[in-house]
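For reference, the structures are reproduced in the following blocks.
Look for chain A in each of the two complexes below; its partner is chain B in the first and chain C in the second.
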Partner chain A sequence: MRTLIGVLFDGVAYGSLLFLISLGLSVTMGLMSFVNLAHGAFAMMGGFLCVTLMRRLGISFGLTLPLVFVVIGAAGALIELGLYRRLYRASALDQVLFTIGLTFMTGAAATWIWGPSQQPIALPPSLHHQITLLGVDFGVYRLFLVGFVVVLAALLGLGVARTRFGAQLRAAVDNPQAAAGVGINVSLLFSITFALGTGLSGLGGALAIDVLGLDPTFALKYLVYFLLVVVVGGPGSLKGSLAAALLLGVADVAGKYYVPQLGSFVIYAAMIILLVVFPHGLYGRRA
Partner chain B sequence: MSFTRSGLLVASLLCLATTRAHADDTIKVGLILESSGPFASQARQIANGAKAYVKAHGDTVAGKKIELVFKDVGGPAPDVAKRLAQELVTRDKVQFLGGFVLTPNALAVAPVATQAKVPTIIMNAATSIITAKSPYIVRVSFTLSQVAAPLAEWAAKNNIKHVYTLVSDYGPGNDAETTFKTVFTAHGGEIVGSVKVPLKNPDFSPFIQRIKDAKPEAVFVFVPAGDASVGFMKAFAERGLDKAGIKLIGTGDLTDDDVLTAMGDPALGVISTHHYSAAHESPENAAFKKVYAEVAGAGVRPNFMAVGGWDGMHLIYDVVQKLGGNVDGDKAMAFIKSGVTIQSPRGTISIDPATRDVVQDVYVRKVQKVGGQLYNIEFDKVAHVKDPGKS
Partner chain C sequence: MAAARDVVMPGIARPRWTPLEIVFWLAPIAAYVAFPDRRLLLSQIFIYGLFALSLDLVLGYAGILSLGHAAFFGAGAYTAALLAQHGWTEPLSGLVASGAVSAAFGLVVSLLVVPGSELGRLMVTLGVGLLMFEVANHASSITGGVDGLTDLPIGALLGRIPFGLDGRAACAYGFAILLVVFLLARRLVQSPFGLALRGIRENVRRMPAIGVDVNQRLRIVFAVAAGIAGLAGAALTQTTQLCGIDSLGFQRSAELLIMLVLGGAGRLYGALIGATVFIVAQDSLAGLSPDYWQFWLGAALVALVLIARGGLLGALDALRRRVTRGKR
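Up next, the complex of A and B:
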């Protein structure tokens, strides 16, 4: 029983990280119908930015997090304005080719600047040990992750449900033409949402360094998992992303623990089963 | 044809003629290395080791100039490795192939070596079966079986009765696990569990949790040297396995000199077995480290991969010298099989004429702090170990 709780907790922690990074991708795909395969690259740059801030400027880990969110979000907004906007009406293939090319370029730039190896990160010692609650050992960092994402998800959920911006967002996801028709500035909405989504993924990338590691292949390595979360959860849905991320996170960790020979395959098996049962995603809207 | 056109034709034919004449004075060595991607740092060690040897001994042997041609295979990519080997042999006309951090790439090149009759020097890839795949392959590095067997003996003799094994799921990992299990159980030990982790981006946490719950006395680990060993060390310390009283033992890949400093204090006290430690005390090693620093930069520590590159070039130079500069694949292999001994920075090594694999001393080491830095300090050794994996 104790091991089950431990494994579940690890899975939830991993899932929280996936959720944080994948949420932006889900909203982009649901809201703008834009296949953004460069999403992993934004997360990766968030990680590298965090490492650079800590190492070069000596900023503490906690302080880098809001900085990374703002800088990567701003970068996302700029790239959306300058590059992505031209491709909203393009075919899905063009979008895929463009964003994958962007990912390769980012990976190569990261290799050039930081080198091909894993980036070591010096977390504050307060976050780097285990505590024992009710007889089970919990990693403090993973506890921090889960807590952080729970609070964030609650705030985002409230934001989407209770604010005007949230209402406009929901309207634009449901029916962009009608939303534009009632005077919502859909392109401004796109930019702000894209910036928020990439900011969140950058933040996720920084938080992920200790759990997933960080090297220039990060963007492509984990892209599959982000896409899994979006597809299984249903594009454009916050609840969907959260549910899918948690489910897939637990499936992955539990699979590796209980069936190590098949370990890495379990997450794909879970995806197949979930998609067969929910073809449009857990909370996806029928197209 | 106009005058200028025919003039151009004659000029280009002349150029071809002169290049061919120039080529006869150069012996090209094609090095296939995983220079981009997660094994880049290891590939760089091999490259620098090879370059250091050329720097220390000059680039001329028996009147011929030695030229190194580097090709990047990017990671575990056997189809790319094979294509690069074919290009090196047909286009660049290399007379030796070498390099190979990873086993899958070395295995893919074997048929090319056989068909082209090009001596292929394995400077790292450590699975036993590689040398059997082509009569033109010779290895100067090590095999996992060769270093895992002494570790299993040491563990059995030092009061460790229950061991859990964790290895990466590919050739060398399978060799390490099989040899360790065989030797350890033969000496009366018990394997309480085994797990194989995927080679590409493994997340060690769930596997380590499993080990913690099994409560062995020690865990035997093989993961490829570099990022994987750092990742493992970090997860090991984070889950508190050392505090739970579980000893960590492994092949020297775990405490690789290239990343040992990055691992930090959690690595202290780890017992490993390997064929080379940067802290090895010998005049050859001191000389090697000095030249290496000139090539790689001061403060870059050479590891066993660098020694593989260095000794690989040593063997190539010996072959060229012996054949008077006229390298023929079959004659080269005949010389290699006549019993070659090399004074390596790691100690004395020799090539087994029957298997074309390396025979060397294997050291038992402990990670200790020397002068504020972590090193693998040798405290015991097993002499003249042949690869037990060849049976």
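Up next, the complex of A and C:
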């Protein structure tokens, strides 16, 4: 029972991270049908930026987080304006090739700058211990992660449901042509959302260092998970991404805990089955 | 009947052999004679050309974007390795058996891949590739895990020519397989079946209206291509006498895409030219560290998409059009 709760908790913490990183990808795919395989690279750069800021400039972990969000978000906006914008009308093949190319380049550059090994991170002591609740040990850092993502998801949910920007975003995801027809500036809307999404994934990459680790293969290693969250959740759906991320997080942690000899086999098999059974995602609207 | 056969449909590839094609197929023989110390490299070019040809059928002709094509390459490679390890050392029958296993596997996978959307297909093929890698990685008592299978006893070709370090047998073997498969593939894409594939790629919705079972055609071509990829994998295992886990990796699938796109998809020859350029470039840049190689690989991809859509052959076509227009 204790281990079950422990596994569930770790899975939820892991799922929270997946949600944070994948959200931007979900918007890119849902709004622009753009297959962005370089999304993991943004998260990875967020992690490296966080490590560098802490090590070189001595900034505390908590303070690096907003900096990472802003810098990676701005970088995302620049890349969107300069490169991605040309490819929205291109074939999926072109998009895949281009973004795989970017991922390879980022990975090689990261190896060159930071070396191929795992990056250590010194979390503040306040986040680095365990507390015991009802006889089960919980890592404070993971509690913090879950809490952070719960608050963020609530804010985003409110933003999408209640604000004017959110209403425009929903309209554009549903039908970009019609949204443009009623005077919504879809491309500006998308640029802003893309910047927010990459910023969040950078933030997720920084928060993930202690849980998923950080090395130059991060972008490719976890790409499947991010894609999976989007495809299972249904592109462009906040609720779907959250559900899919938590489901995957728990399934992966449970699979690796109870049947370690299978490794990632469980998650890949689950992915193929989910894709075949729910081709439009758990919350897919397009039937 | 005869009249119907003579009707020339626009857009069908010329069934006759052009002089350029004959020169193309003589070139490897010239290379074999001219570079006797690079014959192993030449055999690699044949094998990867075969592999790229397989992806061309799926992507270039049928329009299915596969991110896990190495799964079939690896399936063939491991089948050939396991056969040899368990005493079946005769290469030709081992090759055919590996191709058959891979084709059967491809047929099963096609049932999952074909019905999906474009994004779904991409994800399922990616998933199958990763799944196969995990299987090979964890079933180490059978597959050797990360180390792969080495020192495989492969019998002599036709009972006479052993696969040695001079690469003579490897070259002849690779060239023969490539030529036979190419002839079959060339015939296939010019057949009504091949035309149906192109029709599906151009407009999926109209094809059922002229009586084509779209999913059936796609399943068949997917299985055929998987079989060809399996032949390539088996040939690599047999000519090198080893089978590494990287034959199943995502990097292998991505490199394959690069080869095909570099040469130009949907024209068969593009696959061969792309594989040649890729392998030669990889060989001459091998002195650099793998990270540099990966960086330039990425940069090449980005440049291909931004500048040279259609690959080398596409660029050549565009150039030729410009020159002929200039003459008029």
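Keep this in mind: the second predicted complex is superposed on the first by the 281 of 287 C-alpha atoms of A that agree within 3 Å, B and C clash if a C-alpha of one lies under 4 Å from a C-alpha of the other, contacts with A are read in each partner's own complex, and residues count from 1 in each chain.
As a convention for this text, a residue touches a chain if its C-beta (ideal position, glycine included) is under 8 Å from a C-beta of that chain, and two chains touch if they have at least 3 such contacts.
Just so we're clear, the structure is a prediction, and the values are computed from it rather than from any experiment.
S.K.: Thinking of the overlay built on chain A, is A:154 touched by chain B (first), by chain C (second), by both, or by neither?
M.R.: Neither partner.
S.K.: Just chain B (first), just chain C (second), both, or neither: which does A:97 touch?
M.R.: second
S.K.: What is the contact status of A:268 with respect to chain B (first) and chain C (second): first, second, both, or neither?
M.R.: In the superposition, A:268 contacts chain C only.
S.K.: Using the touch definition from the top, say if A:128 reaches chain B (first), chain C (second), both or neither.
M.R.: Only chain B; A:128 stays clear of chain C.
S.K.: Per the contact definition in the header, classify A:63: touching chain B only (first), chain C only (second), both, or neither.
M.R.: neither
S.K.: Between chain B (first) and chain C (second), which does A:87 come into contact with in this model arrangement: first, second, both, or neither?
M.R.: Second partner only, chain C.
S.K.: What is the contact status of A:137 with respect to chain B (first) and chain C (second): first, second, both, or neither?
M.R.: Touch status of A:137: first partner only.
S.K.: Touch test for A:78: chain B only (first), chain C only (second), both, or neither?
M.R.: In the superposed model, A:78 contacts neither chain B nor chain C.
S.K.: May I ask you to name which of chain B and chain C touches more residues of chain A?
M.R.: C
S.K.: In the superposed arrangement, which partner chain does A:178 touch: chain B (first), chain C (second), both, or neither?
M.R.: neither
S.K.: Where on chain A do the contacts from chain B and from chain C line up?
M.R.: Of chain A, residues 111, 116, 261, 263-264 contact chain B in one complex and chain C in the other.
S.K.: Mind pulling up the chain A residues that touch chain C in the complex?
M.R.: Result: residues 29, 35, 86-87, 90, 92-94, 96-98, 100-109, 111-112, 116, 220, 224, 227-228, 231, 235, 261-265, 268-269, 271-272, 275-276, 279-280 of chain A touch chain C.
S.K.: Given the complex with chain A, which residues does chain B contribute to the contact?
M.R.: Residues 36-38, 40-41, 195-198, 201, 203, 205-207, 209-210, 213, 226-227, 230-231, 238-240, 262 of chain B touch chain A in their complex.
S.K.: Looking at the complex, which residues from chain A come into contact with chain B?
M.R.: That would be residues 3, 6-7, 10, 111, 115-118, 120, 128-130, 137, 139, 141, 211-213, 215, 217, 221, 253-254, 256-257, 260-261, 263-264 of chain A.
S.K.: Considering only the defined contacts, which chain C positions touch chain A in the complex?
M.R.: The touching residues are 59, 65, 67, 112, 115-120, 122-124, 126-128, 130-131, 134-135, 137-138, 250, 254, 257-258, 261, 265, 291-292, 294-295, 297-302, 304-306, 309.
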